[in-house]
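Note that subunit A is present in both complexes that follow, paired respectively with subunit B and with subunit C.
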Partner chain A sequence: MLGLLASVLDGLLIGAVYGLASMGITLIWGVMDVVNLTHGAMIVAGMFGVYLLAGAAGVPAYATLPIVLVGGFLVGVALYWIAVHRVIGQPPLMSLLATFSVNLVLVGLGTAAWGTDLFNVPVSLPGFSLGRYTFPGTHLMAAALTGMIALALYFFLYRTRLGKAVRAVSGNREAAGLVGIPTSRVLALAFGLGVALASVAGMLIATMFPFTVLSGEAYQLKSFVVTVLGGLGNPTGALVAGLALGLLEGLTTPFIPVSWTLVIEFVLFVVVLISVPGGLPTLLRRRRSA
Partner chain B sequence: MKSIRLVAAIGAFAAVPAFAANTITIGMTVSRTGPLNTDSVSQLRGSELWRDEVNAAGGIKVGGKHYKVRFVEYDDQSQGGRVQQLYTRLILQDKSQFLFSPYSSGLVATAAVISEQYGKIMLIGGGAEGKTYELGNKYLFQCITPADQYLSGAITELKEHNPHAKVAFVYSDDPFSKAVVTAARDQAKQAGFSVVLDESYPPATTDFTAVINKVISSGADTFLGGGHYPDGATLARQLHDQKAGLKWVSILVAPDSEKFKTLGDAANGITVPSQWEPQVKYKPAFGPTVEKFTEMYRKEFKDDPDYHAASGYVVGLLLQHAMQQAGSIDPEKVAAELNKIDTTTFFGRNKFATDAGHHGLQLAHQMVLAQWQMKNGQLVKEMVWPDAARTAAVVYPLP
Partner chain C sequence: MAMLRRPFFWIIAAVIVAFAVAPRVGNDIELRESLLLAAVYITLASNINMILGYAGYVNFGSIVFFGLGGYFSVWLMSAHGWPLAAALVAGAISVSALALVFGLGILRLRGVYFALSTIGVNEAVMAFVANFGPWGGSTGIYLSPELFKPLGGPAQALWVIYYVLVALMGASLYLSYAVKRSKFGLGLLAIGQNEDAATMLGVPAPRYKAIVYSLSAFLPAIAGGLYFFKSAYIQPPDAFDLNLSTETIVVAMLGGQGTVAGPALGAFLYEELRGWLLTSETFSHFQLVVAGVLLLTIVLFAPGGLMGLLYRLWPRLRSFLE
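Here is the complex of A and B:
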């Protein structure tokens, strides 16, 4: 029983980070209808950000968070103007191909620079024990920071003028333009924010697990599942869905071989896409109205 | 028109490789990228060291002629599909006369289909699974100890300290790791151990939290498993972070790499079955001594050689020996000499099975067991089994 509880708690802790990574992808989708396939590469960029800053420059691992956040934002804005701006408003396949191409370039550059070696960021934080089970301090810290970042994002989107502009562009780009909102700049801002969230998620993952240039792919796949589960374009839904996915992992892995986890997750992905395309929020709304 | 033809003829002539005369072309793929790259690149470095030594000495002297060695190698990206294409290219387009294997059992099994199809000799420096040698192949030669013996040293040594060990087998779902654990499961039971967890995981796994919770729930005091470098190193780090309460941890392949010590405290006490370590004391019948090989490698790569580097060197050394013994580079004659080999080099003893049911399987090479130990604040890899190779007493239980 204690084992199940530990597994569930661990699932929730890592689920929070899945949620953070997915908030980036879903924000971009919600605002500009672009599936950002550079997401995995940006997660890896965050991983290398903390590795280089903490390893080579000696910055304490968690102090790199604001640097990775700002760096990710700037890279995101640059990527928007280079690869995404031209395909805004085009069929979704265009943006898919554009971001996929940029992803290949970024992974290729990363492979040329660092190979596919495994990198480790040694972080020592006291953990929390429950009987024989230990929750590493890095996992607790990652979940706590995710909560803070999610709150900050919520505050930004719902309590600031700029956030309102982002939501206005997300709601109706033409109408937002007509009332004087510079839509292109807002789109660039949203893309930057999405990439910054992916980078910070990568930074937090790197404090928990060793990684390679190719690690982003696994987290990108999980982000898609979480995004669909949380409702496309809904950052709060993504965080809740991340926790739900972590919970699912925690509840199932004590009883089934871990090899089955991905199978279950992707079956869920297909089932949600077919039966509840709007994800968990639609399901909740249906319940309320019933 | 005439002049155009002349230019075309000169161009065509220039395109013919100039090294065709007294050069032996050896083809191979290397996982320069992908999850197998750490060990695969190490294996390549060993082979390159052999090639450079041979060429610096004027080439291989066979039947009164000196042959320089030329490598043709491609990045297989750790993917079987690439191996199949590239070994075909190495044979048909690059005209490789001999082949060295890629790294890892899965890729070797794929490459072996091609090499056998074209009747090319392929020496295997990194493919321990034994099944490949049960398919009636004639030109494969496995230079390393087969997978079924990987964990026997760890089990033998552990029995001395804990005759009733409760073992958790957690291993990558790949041909090599499964072959190792299939044999080790029986060996553990024969040793009187109980197997309390038996779980495989996808090779690309990046988070082992759930698996380690299972290890803790099972009440295991011993962990045997892993796969290749990325998963093995991640497992070690997370076993340490989650304080899994284990007394013995043996992880395949990953801890053999010098990079493993970048894990810091998480590496301390981890044991690894190894094909070779710089501390072994073999007396070679030919080729460099252990000390000489280690020194050459350090000089060239500014790093200590691991067993993949040593196996990469020995495949070249054995091929060279067979050619010299045959007095020819004719593949049939060289294969016949390889079949006869029963010799010791700096890498240890090598002898290949010659019966049709296991042709090419390694029969004589022995493994050692190494352990990362903390000495004066520094992580050092010590040999802890067998007694003849021991450089330090094993640290049990884990620090």
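Here is the complex of A and C:
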């Protein structure tokens, strides 16, 4: 029983990081109706960011967070102007293919540079013991940092003028433009933020689990599951849904082999999309009104 | 048959004959292998085009059909001793039926959601097969060379495989032509333009989408069966190859999505380009990068692909090249 509890609690810690990654997708989706298929590649970029900085340059693993954050932001802004700006407002086919092709380029460059070998970032952090079980320090640290970043994002979106502009563009791009908000620049900013969140999530995942250049696919799929579960364009929902997915993984891992996890999550994804397209928030609202 | 009077019908026939005859002249094995890959690409691209080009839906998981078709038929041959032809047809029927079931589920999703779930289909099927005992899990299935005997030995078998693949290519081209000229095809094109308006006008969108999803699974599944029969083994990473899946989309976009000739043209050119790139040691590592840059360029600057450019240069081309 205690084993299951420990597994669930650990699942929640990891789920927080899924939530962080998904906030990146949901932000971009909500603001500009673009599904960012470079998400997985950007998670991997964060992983290799911390691997290279901590391994080769000797920076302490957690000190790379601000570097990865800023780097991810700049890459995201650049990607927006290169690949996304021209397809804003076009049918979804075009923005999907545009971000998909950037993903191909990045994955191609990654495999050319590092092959498909397994990498890991050794971090020594004392764990927290609960009876016979020990929670790895890295998992606790990742969840704590996720909480701080989520708070910072909330503060930015709801307490600053620029955040207000992002929300305005998200609500109605044309109206925002009419009142003098430079919409394209705000979109670039939002895309940069989304990518920054993805790469920071990748950096945190790298401190917990080994990874390859191709790991992005699986985490990208998890992020999509979390995003639809949390309701599109809803960062708070994404965080909650991330925790829910982590909880589910924690509950299932003692009973089902890990290699089946993706299958289960995909089934969940389709079931949620078909039965409750609005995700958890609509489900709660429906409950409340009933 | 009003179709027989259309020049495009005979253009397709000429292409098939050219594919069949060219390697026979001088018994050119190298040319045959290159054309065989081109035929596989054309088959895959023509079939994805019915979803991508006609209905305007991106299927990132089209390779699932190819891989599952391969798995079904290779498994039927190795574990149950079925003859090749029966295994191929049974494999394709199973995959199409599975696609119909999948399709009825996921095609209720629209636009972006559908695209995302096809990524999921790919990952989930791959995870499933890698864990599925009867199909050898991650080690896959190996075929005994004995199985080539009924076709007259390995050398002769390769020719048989080639001709069947060329026939599949022809069937794919005629299928996508026939669909485009049918009421069903018009419905798909209407969905591609504006799904709400199409539904209002009485196009049964979810059913049409499920049918085209299932239809586009059939011929690629046979092609997959043949392809893996030829290599005599099948493993999850080969059967659900990310590269092939993405190249199929690149090829259809390169030639011009929504046209019948476009995907074939794109597939042929891409295969030639690839063969040329692969001979260079540095480029073979950057295959994905080349495909990505190519796709991005098309999406941003020439969404109509090569056919779009050709139509713009010679508008009269529209009357006989569809």
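The rule is short, and it goes like this: the second predicted complex is superposed on the first by the 284 of 290 C-alpha atoms of A that agree within 3 Å, B and C clash if a C-alpha of one lies under 4 Å from a C-alpha of the other, contacts with A are read in each partner's own complex, and residues count from 1 in each chain.
By definition in this document, contacts are C-beta pairs under 8 Å (C-beta built on N, C-alpha and C of every residue); 3 or more make two chains touch, one makes a residue touch a chain.
The shown structure was predicted, so the numbers you read here are calculated from the model rather than taken from an experiment.
Visitor: Following the overlay on subunit A, give me a clash-or-fit verdict for subunit B and subunit C.
Guide: clash
Visitor: So, does A:A218 touch the first partner subunit B, the second partner subunit C, both, or neither?
Guide: Both partners, subunit B and subunit C.
Visitor: So, A:I14: does it touch subunit B (first), subunit C (second), both, or neither?
Guide: first
Visitor: Under the stated touch criterion, which partner chain does A:T111 make contact with: subunit B (first), subunit C (second), both, or neither?
Guide: both
Visitor: Just subunit B (first), just subunit C (second), both, or neither: which does A:I67 touch?
Guide: So A:I67 meets neither subunit B nor subunit C here.
Visitor: Which holds for A:L140: it touches subunit B only (first), subunit C only (second), both, or neither?
Guide: A:L140 sits against neither subunit B nor subunit C.
Visitor: Classify the contacts of A:P210 with the two partner chains as first (subunit B alone), second (subunit C alone), both, or neither.
Guide: Only subunit B; A:P210 stays clear of subunit C.
Visitor: Kindly classify A:P257 by the partners it touches after superposition: subunit B alone (first), subunit C alone (second), both, or neither?
Guide: both
Visitor: Between 135-143, 171-179 or 207-215, work out which stretch of subunit C sticks into subunit B after superposition.
Guide: Among 135-143, 171-179 or 207-215, only one stretch of subunit C overlaps subunit B, namely 135-143.
Visitor: Identify the residues of subunit A that lie in both the subunit B contact region and the subunit C contact region.
Guide: 111, 218, 257, 259, 262
Visitor: Can you check the complex and tell me which residues of subunit A touch subunit B?
Guide: Per the touch definition, subunit A meets subunit B at residues 3, 6-7, 10-11, 14, 111, 115-118, 120, 122, 127, 129, 132-136, 138-139, 208-212, 214-215, 218-219, 249-250, 253-254, 257-259, 261-262.
Visitor: Hey, which residues of subunit A end up touching subunit C in the complex?
Guide: 35, 83, 86-87, 91-94, 96-98, 100-109, 111-112, 217-218, 220-221, 224, 228, 257, 259-260, 262-263, 266-267, 269-270, 273-274, 277
Visitor: Which part of subunit B faces subunit A closely enough to touch in the complex?
Guide: 32-35, 37-38, 41, 78, 173, 199-202, 204-207, 209-211, 213-214, 216-217, 229-230, 233-234, 237-238, 241-243, 245, 259, 262-264
Visitor: Any idea which subunit C residues touch subunit A in the complex?
Guide: 52, 56-58, 60, 105-106, 108-109, 111-113, 115-117, 119-121, 123-124, 127-128, 130-131, 246, 249-250, 253, 285-296, 299-300, 303
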